[in-house]
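Mind looking over this structure? Questions follow.
Note that the chains are named A, B, C, D, E and F in the order they appear, and that numbering of residues resets to 1 at the start of each chain.
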Amino acid sequence: MKSRSTNRSGIVMRRKVTPAGDIIVTLLTPQGKIKAVARGGVRGQQASRLNLFHHVGVQLYQTPQADLATVQQSILEGALPRLSEPERHPYAHLLSELADALFQEGEFSEQAFDLYAGSLRGVSRHPDPEWVALVMSYKLLALAGFAPRTRHCARCGAADPSHPDPLGGQLLCGACSNQPPHPPERLEFLREVPRRSVRALMDAPLMAEQRPAVWRSLERFVTVQIGSVQSWRSLVGGDVVGA
Amino acid sequence: MKYPSSLVALIRELSRLPGIGPKSAQRLAFYLFEQPREDIERLAGSLLDAKRELHTCPVCFNITDAELCDVCADPTRMQNLICVVEEPGDVIAIEKSGEYTGLYHVLHGVLSPMNGVGPDKLQLRPLLPRLQSGIEVILATGTTVEGEATAMYVQRLIEPLGVMVSRIAYGLPVGGALEYADEVTLGRALSGRQRVSK
Amino acid sequence: MKYPSSLVALIRELSRLPGIGPKSAQRLAFYLFEQPREDIERLAGSLLDAKRELHTCPVCFNITDAELCDVCADPTRMQNLICVVEEPGDVIAIEKSGEYTGLYHVLHGVLSPMNGVGPDKLQLRPLLPRLQSGIEVILATGTTVEGEATAMYVQRLIEPLGVMVSRIAYGLPVGGALEYADEVTLGRALSGRQRVSK
Amino acid sequence: MKYPSSLVALIRELSRLPGIGPKSAQRLAFYLFEQPREDIERLAGSLLDAKRELHTCPVCFNITDAELCDVCADPTRMQNLICVVEEPGDVIAIEKSGEYTGLYHVLHGVLSPMNGVGPDKLQLRPLLPRLQSGIEVILATGTTVEGEATAMYVQRLIEPLGVMVSRIAYGLPVGGALEYADEVTLGRALSGRQRVSK
Amino acid sequence: MKYPSSLVALIRELSRLPGIGPKSAQRLAFYLFEQPREDIERLAGSLLDAKRELHTCPVCFNITDAELCDVCADPTRMQNLICVVEEPGDVIAIEKSGEYTGLYHVLHGVLSPMNGVGPDKLQLRPLLPRLQSGIEVILATGTTVEGEATAMYVQRLIEPLGVMVSRIAYGLPVGGALEYADEVTLGRALSGRQRVSK
Amino acid sequence: MKSRSTNRSGIVMRRKVTPAGDIIVTLLTPQGKIKAVARGGVRGQQASRLNLFHHVGVQLYQTPQADLATVQQSILEGALPRLSEPERHPYAHLLSELADALFQEGEFSEQAFDLYAGSLRGVSRHPDPEWVALVMSYKLLALAGFAPRTRHCARCGAADPSHPDPLGGQLLCGACSNQPPHPPERLEFLREVPRRSVRALMDAPLMAEQRPAVWRSLERFVTVQIGSVQSWRSLVGGDVVGA
C-alpha cells in the first residue's frame, strides 16, 4: 500500500506565517529539503514546535493535487534557545540562508543535514559563534561543490596566489591584484578550509582582526557563485562585510 | 479565448494580496463581478480612504488618523509603562485583553537577518528619547525565535539607560492541556512557575 | 482605545469578502496600510475598472468587456456545440483544457431550493432561442447533487426541442488511485466504462 | 529518565504503521496502557487471527478466510464479467458502490519498474485460464501512470485471447466542481461525454 | 459480498483506537494483511508485553516495568521537588523539555464531577505521605477548567502540611504571535511578566 | 485520555464551498447536528463523499481554538443519487432545510436522525415523492414539538374546527374563518398526521387536487412557527404553495 503520509525529521530553516494563519516551513532533512504547510498552525501547538531552527519530527501528507505537503503532526526533537541571543542570532540566519540556497528539494544528503545541524549547535554553544559561522559557511559551500579556487590565481591561473580577490572572493596572484597579500595565517585558513576537518579548524581560530577580510572574501564568493544573501547586512558590527 | 483585460488586471491585483493564491483570486474576482456597483465602490473607497487618512503616530508608531494616536493622546493611561510590540495588530490584541493601561511602542517588524531586517529597519531609535528613569518597558514581542532575538536586542540597547525591563510571561495558554503543550513551552512554564502558597 | 474609523471601515469591507474571516481581514488591512500608495490606488482602480467595464455577454452570459464575448465573436468556434456551465469561471477552466472548440452558455448558478435558487434565477430562458436541430448541448454543470439536478432539469427542458443532449463523463480523475476514489465515483466509473479492445 | 523498554517497543511498533505519526504512536501507547487487559488481548488476538485465517482466494486473489472468496463462491454473480483491480481494498471499494455484480481479479500491485515490480510480480498468469470468449474484462486499475501502464499491459496480453476489454471511465469525480478539476481530467470528461437524450 | 469475519473483527478493533478514523482502520487492516507473519507477531507481542509488564510506580504512579519507576529510583534527582501532573504522558513531555530534575506524582485524571471523577478517583491520598517541610510541590495540571480546579483542590489539601506550593506559569506558548493569542492568555502573559533587567 | 478526534456518522444537510476551496458541511447525526469544515476538501476525494444528502462516516478533530471541527477523514455509508431528479430534488431540499431549522447542535436525537434519513430515502425511492415530503414534513415538525393545533380552533378555542387557517396554517372554526371547510379526507389528514404512523399515512395518500391546500397550511404553519424557509419557492409547480 502506498501511503500518502511519511514521517520525516529535520530542522526548520525558514518559517513564514500567512495571513490565514498557516505556517509554511522549509525543513532540511537527511532526505533532502522539504517545504510544507501546517494549516491553521499558528493557532495550535504546531506554532511552538515549528519554530525557526527547531529540530522536529513531522508527519507529512501529500496529495497529487496539492503542491505543498501538509504537516499533520510534529514533535520536537531538539531546540537551541540560545540562538536568539544577539551575538548568535545573525549567524544562525546566515547559515540557514546559505543551506537553503545550497541544497535542493529531492536531494538526499545525510551529510548536508549533519553539517547544517552541527553548525547550528556550534553557533548556539560555542563561546566564539563568529568563528563557528565562518568555518561552517565554508564547509557548507564545499559540501555543495562550491570551494573557492586557492591553488591557482582565479584570474590568470598562476600557481600559489596569496592576494585577495576583491570581486570574486577567491585568491589572486600579485600581478592580478592591486591589494597587499593576505597575512600568512589568514592565507593558510583560506587555502586549507575545504580540506581540513572542522575540529582542526575550530582548534585554530584566526585572531579577531584577521576575520573581516575573510568575511569579505566569503561574501564576494557567495554573491558571485550563489547569489544575493540577505543575512550579510545583519552580521555583527554591520560593516565588517562588504565594506 | 482572450480574457477581458480588466478582469485579468483585477485577478492579478488580488493575487498580490498575502494569502490569496491565484485560484482564490480568480474566484474572488468573479464574486466581485456579481456584486452591486455600490458595494464595489464602497470597498474601493475604503481602501483609498484608509490609505489617505491613516499614518503612524509620531510618538509610538501605532496606526492613527489623528495627530497623536488614541493611546498617546489619553492622559489617563499610565505614562510610566511602555509596552514594545512588533506590529500595530498587537496593540489591538492587547487592548482587547483589557488588562493593560500603559503606553505602546510599535517596532513595525522583528529582527530577521535572512529576510533582510536588521535593527535599522525597525522603529528602534525613536524609542530611546521616550525612556527615562522610573519607566518600565515591557518587551511584548512574540515568542518566536525572532521575537525573542528582538526582545533581547532591545533589552541590551535600553538597559544601560536605567529603565526597568520586563518580558511577557512564557507558559501554558489558558485552557491548555499539558499533553498538547510542546516540550519547550512546558520547560518554560515549569521554570517560570509562580508560588501560590503563603 | 478607539480604532481609527477608516481602519474600522476597511476591516469591515474586507471581512465581507467570501472566505476572509475577521482575523484575516484585520491582517489584510494592516498589510495594506504598509504598502505604497500607488499599489493601493492600483488595487482600488482595478476594482472600479472591472466593475465598470465588465458585463455579461448578451448571447452566452460569459463575462466580457466587449459587445459580444470573445467566444461568441469568434466565427471559427464550432457553432453547433453549446456547453452549458454553472459559472464564468468554468469557461476559463474548460478553455484551459484546450480540448473544446464550441460555444458556451453560462447559467450563473445551480438549482438550490434551500438557498432560494429556482429555475427563474438562472439564465435558462435565453438558452432556448439558441437551440435548433443539429445542435449538441453538453451539460457541463458540476457533479454535485445540485449540478446533477440542474443538468437533469435542463435536459427535460430542451430535449423536446429536438437537440442532442450529452453529459460530461463521470469517472476517475486522471492520476487517481482507486483506493482514494470514493464509492459513488467508482460505481459511475464502472458503469460508464469504455470498450478498448477491437 | 529512561522509558520502560516494553513501552518503547510498543511505541516503535505502532509508529511503523502507515498513517500513524510519532505523536499518535505515543498517545496510542498510553491509551492502551489504561485499557483493561481483555481489550488489549482482543486487539492482539484480532491481529493474530486475521494473519492466521486470511489468505488470498486461489481463483481471484481477493482476501478470504474460506476456500474460495465470497465473490467466487457466489453463483449468482455474473460469471462473464471480470474486473481487474490493483489491491484487495479496491474490491471492497467497488462492492460498496453497489453497482457491480461480476467477478474480480486482484493483481496485488501495479507495474513499476523503478520499484522493481515487473509483470512476474503481479498475479497476472492466473488470470489467463479464467478468460474465454464471451467474457468482458474491465480494467479497473488506477488512473495513475503506473495504473495506466498496467491496464495497457493487461490489454495487450489478453486481447489476442478474444475477450472484450474495457476501461473504467475517466472524468469528473462525483461532487466535483469544474473549476477545481485539473485540465487533463476536464478534457477527458468533455471528450468522454455521454449522450443522454434519446 | 460478505467480508471475512476476522477481517471485519480486525477493522472493528482498529477503529476503536483513538485518532484512527474509519478509513485508516480499513487501510491499516489491508496493510497488515500484506506484512510478513513475524511483523504481525511482533506487533501483537509488543501489545501483550506492554500490558503484562507495565504497571504504575507505587510511589509516584508513573508507568514503569520495574519495582520503582526510573525517576523514583534515581538518587540524583532533586528529592525536594515534586511535580504533580495529570497523566503519565505528561511525565514524558516534561522529561523531554530537559528542564526538570525533580520527582513526579501522577494523578491519573482530573476532577470532573460531570464525568463522575471526584477526588477519590485520583491518586491523591498517596501524595500526602510524600510531603514534608522543605518540599516544593509544583502543580502542573493543565490550564483547562478541570486542570485548574484540580490544582486548586490539591493546593488546599496540602498547604496546611507546610509545603511550598507553586503553579506552572501561564503565558504565551513558545513560537506564539500576540495577535493569535486569546485575550485571557494575553492578559495573563502581561500581568505575569518577569523582570529581565538587573 | 481525552481525544480530540471523534468518529460520527450522519447525513449532509447543507454544503458550502468557500473561495479557498474548503467544504463546510452541516451533518445531522444521532448525536445531534454538527457543523464541520473539510479544509481544501474541494480538491480531494472528500468532495465526493461530502456531497449533499450523502450518509457519511467522518472523523472530526476539534481544538479549543477553532470554532469549527475539522473533517479529517470520511467514508461513504449511503448515497441516494435519485434525489437529483427534478421531481424529487426540491423535496429533499425542503426536508433538509426543515430539519436544519428544527434540530439544534448538541441535541442528541436518534429519532430525529432516523426520521430525517427515512424521509430522504422515501423521497428518493417512492413513486409519489410529493406525498412522502408532505407527510414527513409534518412528522419532523411533530418530533421537534411543533404540531399544529387541530382539536380546537386556533383563534377562539372552539372544539372540532374544520376550516382552513389562512394565516397560521392550523384549523379554525366556522365562525373564525371566512373560507369553506376542508373536505373530509383532507381534514382527517390534517387532524391525524401527528398521531398516525408514517406507514398508515403513506398507505392513504390524499388525491393530488387535495394537496395544494395542505401545502399552503404547512407553509403558513412553518412560516409562523419556525420562520422563513427558502425551499417553498421551488416546489413543483412553483405556485402550489403560498399562492
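Assume a residue touches a chain if its C-beta (ideal position, glycine included) is under 8 Å from a C-beta of that chain, and two chains touch if they have at least 3 such contacts.
All values derive from a computational prediction rather than experimental measurement.
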In terms of C-beta pairs in contact, which of A-E and A-B ranks higher?
-> A-B
Among the listed pairs A-D, C-F or D-F, choose the one whose interface is a repeat of E-F, with over half of the contact pairs the same by residue number.
-> A-D
Chain centres from averaged Cα atoms put chain A and chain D apart, in whole Å, by 45
Centre to centre, by mean C-alpha position, how many angstrom separate chain A and chain C?
-> 47
So how far apart, in whole Å, are chain C and chain E when each is placed at the average of its C-alpha atoms?
-> 51
Express in whole angstrom the distance between the two chain centres, defined as the mean CA positions of chain C and chain D.
-> 35
Residues of chain D whose C-beta touches two or more other chains = 18-19, 24, 26-27, 30-31, 87, 89, 96, 173-177, 179-180, 182
Interface hub residues of chain F, defined as touching at least two other chains | 1, 3, 19-21, 43, 45, 48-49, 51, 65, 76
Within their complex, chain B touches chain C through residues 1-7, 9-10, 12-14, 16-19, 24, 26-34, 37, 39-54, 63-66, 69-71, 74, 87-89, 91-92, 95, 108
The chain D residues in contact with chain C across the complex are 83, 85-87, 89-90, 93-94, 96-100, 138-145, 147, 155, 159, 163-179, 181-198
Can you list the residues on chain D that touch chain A in the complex?
-> 15, 18-19, 21-24, 26, 87, 89, 182
Once bound in the complex, which stretches of chain D touch chain F?
-> 27, 30-31, 34, 96, 173-177, 180
Within the complex, which stretch of chain A touches chain E?
-> 1, 3, 17, 21, 42-43, 45, 47-51, 76
